[in-house]
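Pasting the structures in now, so scroll down.
One chain, chain A, links the two complexes that follow: it is found with chain B in the first and with chain C in the second.
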Partner chain A sequence: MNLIKIKRQSWNIGIVIIALGLGTWQINRLPVFGSYEARTILLGILPIALLSMGQAIIIIGGGINLAIGAESVLINCLAARFMAGKSFGIGVALTIALLLLSTCLGAITGLIISRSKIADIIVTLATSFILIGFAMYIQPSPGGGMNLSLAHLVSGKGTAFLPPLITLILPLLIIWIPLYRSRAGIAMYAIGSNKDSAFLSGVNVDLTRIKLYAVGGLFAGLSGIVLTAITLSGSPFASISNTATLNSVAGAVLGGVALSGGVGGLTGPALAALILYFIPTILLNYGIDPAYSQIITGALTIIVVLIGGLIRNRGKKK
Partner chain B sequence: MANLIKKAQARTSIAMLSLWGILFTLFIITGLVDHYFFTISSIGVTLQLAVPLGLLAAGQTICMLTGGIDLSIAMIATGAAFIVSIKSPSGLGWAILYATLYCILIGTINGLAVGLFGMNPLIMTLGMNAVLIGVFTVGITTFLKGSSTMPDIIIKLSSGTIVDPISWPLVLWVVFGGLIIFILSKTGLGRLIYAVGDNATAARLAGVRVWKVQLAAYIICALFSGLAGLMIGGQSGAVAMSLADSLVLPSVAAVVIGGTSIMGGIGSYTGSVMGALILTVLSYLLATLNSTEAVKQMIYGAIVLTLAWTYSKITEKS
Partner chain C sequence: MRIRGNPESFRGSPWFDSKQNKCEINKRSNLSQQALLKISNLAKSYGSVVALRDANFSVQPGEIHALLGANGAGKSTLVKILTGVIGGDLGLIELNGKQVAFSSPDNARKSGVAPVFQDPALIPDISIQRNLYLTGTDKDRFLSEISSMGLSVDLNQLASEIELPILRMIDLARALSHDPELLILDEITAALPIDMAEKVISIMGDHKARGKSVIFISHRLAEIEEICDRATVLRDGINVDTFDATHGSEERIVAAMLGDKNVVAAHNRNRANKTTTAEFMRVESLVGGKHLKDVSFTIKKGEVLGVAALEGQGQDLLFEILAGESQPSGGKLFVNGQEVTFHHPSDAIAAGISYVPGDRKTALMPQRSIRENLALTRYRGMRRWGKINFTEEAAKVDGAVESLEIDTRAKSQVKRLSGGNQQKVTIGRWVTTGFDLLLCFDPTRGIDVGTKAQIYDLIRKFSDEGKSVLLFTSELREIQLSCDRAIVLYEGKVQADLPFEKCDEASLLSAAHGIVG
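For the complex of A and B:
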């Protein structure tokens, strides 16, 4: 048991070491490093980290959500449209309402997958179309805004790097850890590693899946709110949602979540976002054309999944 | 055994019948909404517009039959169209050769990654798509600078009418679609594609080089996508980065609606052709409704989901 625990942590430790190495490299290149730079880095990783965490929960449960980026973009557009010029109180109320909405959207996706028995790839590809269409309907062109004091509460201001740090860690503490320790958490790992034996052991597979997609939706909603707080606008672009989805899968896999399901946690994906942020940033610092960032993201995802798979396979053979 | 085959045949015929039913219903509804739809020339145009989707679905069918999926088809198609339009001043033959080599190259990379390195096909091809978007975004301002109009002969082949409602693209579709049906039902490769998709382990133990079959599947898929790209480019007259973006979900949807299992091993190209026709009539119907792109996208996604759901329910019961 202890050995398994160490093995599980070894992945996270590996990520931390790589992230620290890349971080030092990046920080050395900066003229000064203070709390302002720390906040910039946190803001850079926050949306990817939250989305990767949401994707990780779903992948652990044996699924995949290709609409997670679209969920985030939709919440981003809704938030920017309706929060622009509103007071702090209304902003908070809207945030709660939107988080509820994204949770419901996730739950509905899970319900459709369970009821229809269509592969999750197809259902989520189709829902991503619907959600992006809805986002384009809400916010036909980039724009909108958010109450500034609410935005500062979520993402900090100037040198205040604590708010984004709290936004990153709080969901881990109040959503992931209770879930991980609950029956639903055990059921999540059970259906991820073997759906049939989980069912035969009395796990309600459909209900568990719905819960997972709901929590995934909640994380996507959080990511959308954070995006609004950082950019102070809503951007209804399918390309943003595709890149975000791709990043979320890369983050989850790099964070030690196996695409076959049943393995991994959420701390890894949260840390992996650091690596996904540092590598393009460092490459761009070396004077590489920003147009290459798509290539970097895509290639990085492929390499990460490839190496992750190879390491895992070697571990199995041993 | 004979009983099983009979059951399977009954299921397929009921499924095909329901596909014809859906197509017929959509056809009638479209005709009622738009009175010009019931003319021979507009039927010809609809068939013509179905060709690129049908060709993309051909590649996708082969990939899905092996248990894979190819989401990089959008950029394979767009890339092939770009290469032909830019290289055509130096001779059409060379242009087509370059485009073919490009398709084979991308198909080979996808196939080797999936077959030999055990990459998850979804992630591999999504990542590949992102890389290609990056390459071509950079390329059109540097090494792929040049004309963005398609050569006349391709425009003729992709939108020229012979006798209403028969057009050149339709002839091409019949030829290449027939080729796919022939490969799948009469050749050894076709048998192997079904065998690998049904049970890769069993196929490997029976002496099949599974990776070679997967490699072939991805190369065929890439070639068909490239051909589809030329058709789309020819129909719109010029190439653009987002040329085939809107056809990725439909290509997957056409195959799924047509009864091919995303798990592999079950399905046929005939079903995918029906799927492609249904989706083309559907987008014609949506185009006649006076609504924004956002609303169209929402309706489209919802209908695709409903169709896939209905279809899986019909085949489940019988």
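For the complex of A and C:
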């Protein structure tokens, strides 16, 4: 039994080993490594880790959200525009309101997909344009701000690496773990794994899909808030949103989430974000062109998924 | 007779021995009671295709009721309506005298109607434990059901890691854990190994002994005669006959299922003129996978060679190896005396060996038309950028459709055909292409009696044309009806090689259990 559990965790273990290896490499290259550097690394991965987790949930449920980056950018712009110059209290209230908004945006996306029966990829591609349009309307050029105490609460200050670590781990603890253990969470795996069997097992497929996109939207919103806290501004660029979306898919897949649905978890994608951060940073340290680091990240994604796929297939009975 | 008092008290009484099911008193249903389930004038159509026209029947408490019908007669539609998968267009369903309309499978389950389908409704990528949680099944009750089946299950295993027959039993145990008033078993015994099929029969008896009812759908008439109280036959969406199921009702069942169509005569084949001894294929000491240890046999030209085995003896791998889909770890294959190695199914096809897999879904392109499905394998010999000769193709396809009697009402998409017609398409594509040896893996799984007879006729016709067929079937009785010779696999070896005269069910079964050599 323990062997089965270990085998099932083999992907996560592999990701931890790669991340640790790259991390040691990077840390050794740094002249000093202390809490300040740890915080820098955490800030570097935080937005994309949260986004990858959101994407991972949706992929586990058999969907994909190409608008997840746009959701995050929209929340970023809204936060930067309306929180600038406001007190801590208003900032907290706005944060809660914006997280609710992004959850609702996700739920609406899920509703459109369920009702229209149009493929996820097409609906979310379309909503990504709409959301970016709104972001540009709200924040025509980079700017805005956030209450500093709130920003420090989310992303820390100076050598305080604990706040960003908590921001990374807390959603896993208070959103994902209860969800994973609940019937709603099992239903998400079920519709991703086999929709027909899920329906026969009594799962409301449409409702589950809406919940799925809502949770994905919540993570996108968190990512947007975190981005605002780190940069203290909002940037309404489609290119940021597109890169973020693609990275979120890469993070989810690298983190052991199968694109066919029903397989994976959120810890893997969070760790995969670390790998996606270390590769370009290390290569940059060596003075290698950023273009090459893109190639290497892409190649690594293929290799990891290939090896993981081989291991998985071997474990499956016909 | 009327069951009085606590049904539990009948368990273990001599005339309620569910294991044997031989006692005729046991088979009497208590018709005087209020029906558990009553269906009146139920109808359903999909667009212009009418699946269910006017179905009427009732199930009594403590009754095992067989639901029969040819493929496409409307059985599946009826079951789907009863289990809340789809809604009916017209008609009335009454459960315990109250009108009901199930909005979802969950809703039906909570009202005491639990189905078990041929394809287990377990989520493949999550553990059995989480699957149980999803349906709100009590873990301890499930485990006690499983252990009373003589099985043991690791709840941490993913459903996809478990073999299909065990998975079906798990699905059945899950349904039983809810102690349903009405258990619906839809072709659950199809392709189930003999020992497990017997287990299912005895479970049905136990369920009945508790005063609960079962709707049993099966194409194995012997099982129906053995366990069922009454049988209802559907044809073209209408219930055409309901009668007490007793030994010898087979003819009445077949007649009702086929209606005006001629009842296909028994397979009294003339095998006398089989004098050919020329060998087509020889398999020597084949080793592969976990199960195949040392398999050797030959197939002659124009011979139908049957393969019999219990579940999990490596028969599926044997067929895959011969079809070039899997590679053996040892042994040799000879075709027409020449040693061959198949790296890819196309190598086997080039050597004249075609494979009809057991799972129709893997062979067909469900969204495409009958024509495209039938013509698919013809494209093999074509020049890469050449033009397709549609006139010639149409002629060949029409010929195949006609000779196989494929029902072409839903020809634009193969997935809309009934199971039997889909199976005919998988065989038909090789008719349009041509072959020397056809590998048929359980071609009649879940197919009605009439279509079964057509498929066996077809196999005999291939043989008369000098083509060879290797046939695995999970229904042992069919081997004698259609094969010239049969081999029995046991413990990775050929346990017995029997001429068709000796291929009676008893001999095959004992060889399959390794009893005789």
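The rule is simple: the second predicted complex is superposed on the first by the 284 of 318 C-alpha atoms of A that agree within 3 Å, B and C clash if a C-alpha of one lies under 4 Å from a C-alpha of the other, contacts with A are read in each partner's own complex, and residues count from 1 in each chain.
By definition in this document, a residue touches a chain if its C-beta (ideal position, glycine included) is under 8 Å from a C-beta of that chain, and two chains touch if they have at least 3 such contacts.
Model, not experiment: these values are computed from the prediction.
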With the two structures laid over each other on chain A, which partner does A:S241 touch: chain B (first), chain C (second), both, or neither? neither
Applying the touch criterion given at the start, work out whether A:F199 contacts chain B, chain C, both or neither, answering first, second, both or neither. second
Does chain C touch more residues of chain A than chain B does, or is it the other way round? B
In the overlay, answer first, second, both or neither for which of chain B and chain C A:A187 touches. second
In the overlaid three-chain picture, which partner chain does A:G262 touch, first (chain B) or second (chain C), both, or neither? second
Overlap of the chain B and chain C interfaces on chain A comprises residues none
Residue numbers of chain B touching chain A in their complex, please. 69, 113, 117-120, 122-124, 126-135, 137-138, 141, 245, 249, 252-253, 256, 262-263, 292-302, 304-305, 308-309, 312-313, 316
Help me check something: in the complex, which residues belonging to chain A touch chain C? 1, 4-5, 183, 186-187, 189-190, 192-194, 196-204, 261-263, 315-318
Listed in rising order, the residues of chain A that touch chain B in the complex are 64, 112, 116-119, 121-123, 125-130, 132-137, 140, 238, 242-243, 245-246, 249, 253, 259, 289, 291-299, 301-302, 305-306, 309-310, 313
Residue numbers of chain C touching chain A in their complex, please. 83, 85, 104-106, 109, 115, 117, 119-126, 130-131, 133-136, 154, 156-157, 160-163, 316
